[in-house]
Structures are given as C-alpha cells and as structure tokens.
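A, B, C and D are the chain letters, set down in written order, and residue numbers restart from 1 in every chain.
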C-alpha cells in the first residue's frame, strides 16, 4: 500500500497488519483498506504446494483469513475470528497470483459476519465466510 | 512415525504425506494413520504469530486440514477438500504444542465428512469439520 | 406474485414452487424471481414459536432454504441443496414479517454457492449460505 | 418418553420441550435426554414434501435443531442456537422415520458445539453441527 493510502487507512487495522509477521512472511501484500473492507494479494510459492501438486488449501484459507482479520478490525476495538468456513471452488497452482477481498456483511452486538472471495484474475477460487467477535472493553 | 508403523499405514495417505512439502515445512509430524483416521502434531513457532500476539488461526486451520487430508486419503483413491469450517475454541500461543486428530464421520457416494479436533494437552483449541470429494475413477 | 410477473419468471423455479406444498403450508409467498435470485416472504405464526417464546430457528431456516432452492433452480436443470449454514443474528417473534432474499454468489461445475439474507424490515435477522448441486446430465 | 424416564431427565430441557409447540406440532417425539445428549424421532408427513417429491430439507433441519436445542439445554441456564450447519447426505421421502441424536462435542465459556446425526434406520441422512450460546445470568 502506498504511504498516501496508509494515511487514510483505519489505524487499528494497520497496526494489526504491521505486527502480523505470519502474513508478511507468506509474501502477502495489503492493497486496500476501508470501512469493513480489505484487499490482500499473495503469490503461491513452492513452499505452499501440497501432496497433490496443488496449493495447500490452508494457504488459500490463510490469505482469506488475513483479509477477514483486516476487514473486521477497521472499526477500532480488537476483533478476533470466532469461526470460519471456506469452500474451495477451483484448484490453485504454483505461481498463481491470488487476491482476497473481504467485506462486512452484517454486524450485531459484538459479532460480525464477513465474506471473503479469493480470485485468480477474474476466476473465483474460494469463498470464505468469517464470524468475528469483538473483545470486551 | 516409526518405520514399523509406516509399514502398516495406508499407502495412499503415506505417499501424499511424503510429497506434502508444505506441511513438513511447518514442522508437522504425522503420529498415527488408520482407516479414516490421522493424528498430526505441530509446535507453534515465531513465524506463526499474528498481529494480536497469538497464533494465526490459519496455522491452526492448516494443522487440522492436514489431519483431514490424511484421514480422507487412507482408503485409496485421491480425495480432496471441497469445503471446511473451523471454530476457534481457545487462544493458541507461541510454543504451544498442538495435536490434531481427524476421524471419518460419514461417507456417501464420492463425498465424506470428517471431524478434526485440535488440542493442547487435554484442552480443545479448535473444532474443524471437512467435506471431502473423491476424484473421478 | 402477480400473473404478469409469473410470465417473465424462470419456468423451472416456478414449477418447483407450484409443487412445493411444504413452503406454501407455512404461508410463504414468492415475491420475485430472477436469474439466480429469489425473494420470499413469511409471517411468523403461533405454530412457529418454540420453547423460549421465540420463533423456532428451524422456520427461519426453512424460509431461507426456500429462497435458496428457488434461486438455484432459476437456470433450468434440477438443483438440490447439498449443505447449508445459518447464523441467527437477532431474535424473531410471533407476528414478525420476514423477507428472505437469495442470490447466487458463484457457480462452478455442478456446484453453486448462494447467499440468503433474512430481514424484518431493515434489520437482518439471519444470514444463510447454501451449497447447491445440480443433478445428472 | 415414559414418565419414569421423565423423572430422571434434566428439568431445564424438559421444560423447554413441554413449551415447544412447534416441534410437537410436527409430530416429534422426545425419546431420550441425558447430559449434553438428546434423541428425537419424527416421521415425514405429506406436509413436509417439497417440489422435488422429497422431504423439504428444512424439516430435516428442524428435527436436528430440536435435538440440538434439547441437548444444549440439559445443563440448566437457557441456551440458544447461534449458528448451525447441515449437510444433506441422502434423500428423505414421505413416510420415512427419522431419528436425530444430538451430543455435546465441546464447551468453552458461554459457547458450545454440538453434533447431531439424523438417521433412517442405520443409514445417515444428515449431519448437523450447532453452535450454542448460553444467555447471561
């Protein structure tokens, strides 16, 4: 993300991202942050390939989960994942460039539901839904 | 797994595991394999810590997903994950030693449902359910 | 639905609806049908109240499921629910008028993912996601 | 349930069941209640058949949901469904006699996870997982 964009981005989510060693170690790049919204990019490397010669679903999950974590922390108080589900729509291979877009669907009390779509170009490769929980004040 | 145990383990799942660079790169150890069953161990390292100082849910997912992938490939034909869900039951921290146990719940046609419980000692830290799909004959 | 609207609606979904005794017995009204889209209305009656004095989640599920079934049958070949999940966002009470809107999210091979939001006025009361499977050739 | 069995059953779940007009209107019979456990039976009637000549998935859900609600209320404080998912494993038809068995999987804080299997004889027809939330004291 350009520093100009960083200035306008929600501080709570940015702080979380800056401290998120795990996501950056996987080469994830934060592309955009907005209210209840985040877009993250990742390229599939050798280390992410599983026993079927395909990208381990866990890495696709991790990309989606990062977009979810960012999107649900754009409003301030620390918010964590309570539960998530993912459907694997198309196989992902070495070298594929994936983009995950997370978007708030609804919020109620301390809970929230966020949808994340993971795409390679225009093709959807996974659909993820995350349930968030905001930690007590 | 001891080599004696390897001899008795389902060959299809073992082959998959041997080719699974991603899971071993995370330090996962296969402890036991049986019919529709797998147990895998992983220690939480620095690289797995996220922005809240906790283990990134994605790594807990990946451990559960590996136990699922192994369990659903113990019967022969190549079987992949179609969809998964995970509930995060307790926080996981740096140094925690996690054990994931995956077990077949039901099979129907080319589909299967597997449950994976992730524990630290006796405490459950995550419950995972995976839906598998066996690839064409 | 007005007969003028019926003329423009996808025939496959309409036929299914006309044969769906169960949904009509619950007083559901089909309000709109489009490509991968359906909107259905239902009022909560005495018979739908559960042991906590609230609408049984099963009836909210059934309304969402009907919108899902309609939306995923708008394209022709018979399509059934393979799996669904629902999150209950707000309590629903006797007399509440609920509207479920189902919308295709993605399709791949014989599978599809549809999202259904159930609202009372502007307030979301449940979020549902359905996984569909199109039958034989 | 025989009155002898009622005497030994958890009072909180029994009270809930006695007030649950909806479940009894569908002909559900409570067969057994224990700690974190419930078994409920239901026969598929004409009114439960959907547009494909099969039992509406919503009624299978409702049966599973009732077993879940009972099982998660066996320990006292009022507990409600927060979210549920169901996989439809085999078609269900008019006249089928279904039995749903719900069992606690894990509890943490005010949350719980319960698994419900719905069977026709020995054959599994649906697998359900419910997430419960105990209401504040």
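Going forward, a contact is a pair of C-beta atoms (placed from the backbone, for glycine too) under 8 Å apart; a residue touches a chain by one contact, two chains touch by 3 or more.
Small disclaimer: the values here were computed from a predicted structure and weren't measured.
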item: Pair joined by the larger number of C-beta contacts - A-D, A-B; value: A-B
item: Farthest chain (mean CA position) relative to subunit A; value: D
item: Intercentroid distance (Cα basis), subunit D paired with subunit A, Å; value: 35
item: Length of the line joining the C-alpha centres of subunit A and subunit C, rounded to whole Å; value: 29
item: Centroid spacing, where centroids are CA-atom means, of subunit A and subunit B in whole angstrom; value: 22
item: Residue numbers of subunit D (touch at least two other chains); value: 83, 85, 87, 131
item: Subunit B-touching residues of subunit D, taken from the complex the two chains share; value: 85, 87, 89-90, 105-106, 108, 111, 113, 115, 117, 124, 127, 129, 131
item: Residue numbers on subunit D that touch subunit C, as the complex places them; value: 15-23, 25, 46-54, 56-59, 61-62, 65-66, 69, 78, 80-88
item: Residue ranges of subunit C in contact with subunit B within the complex; value: 83, 85, 131
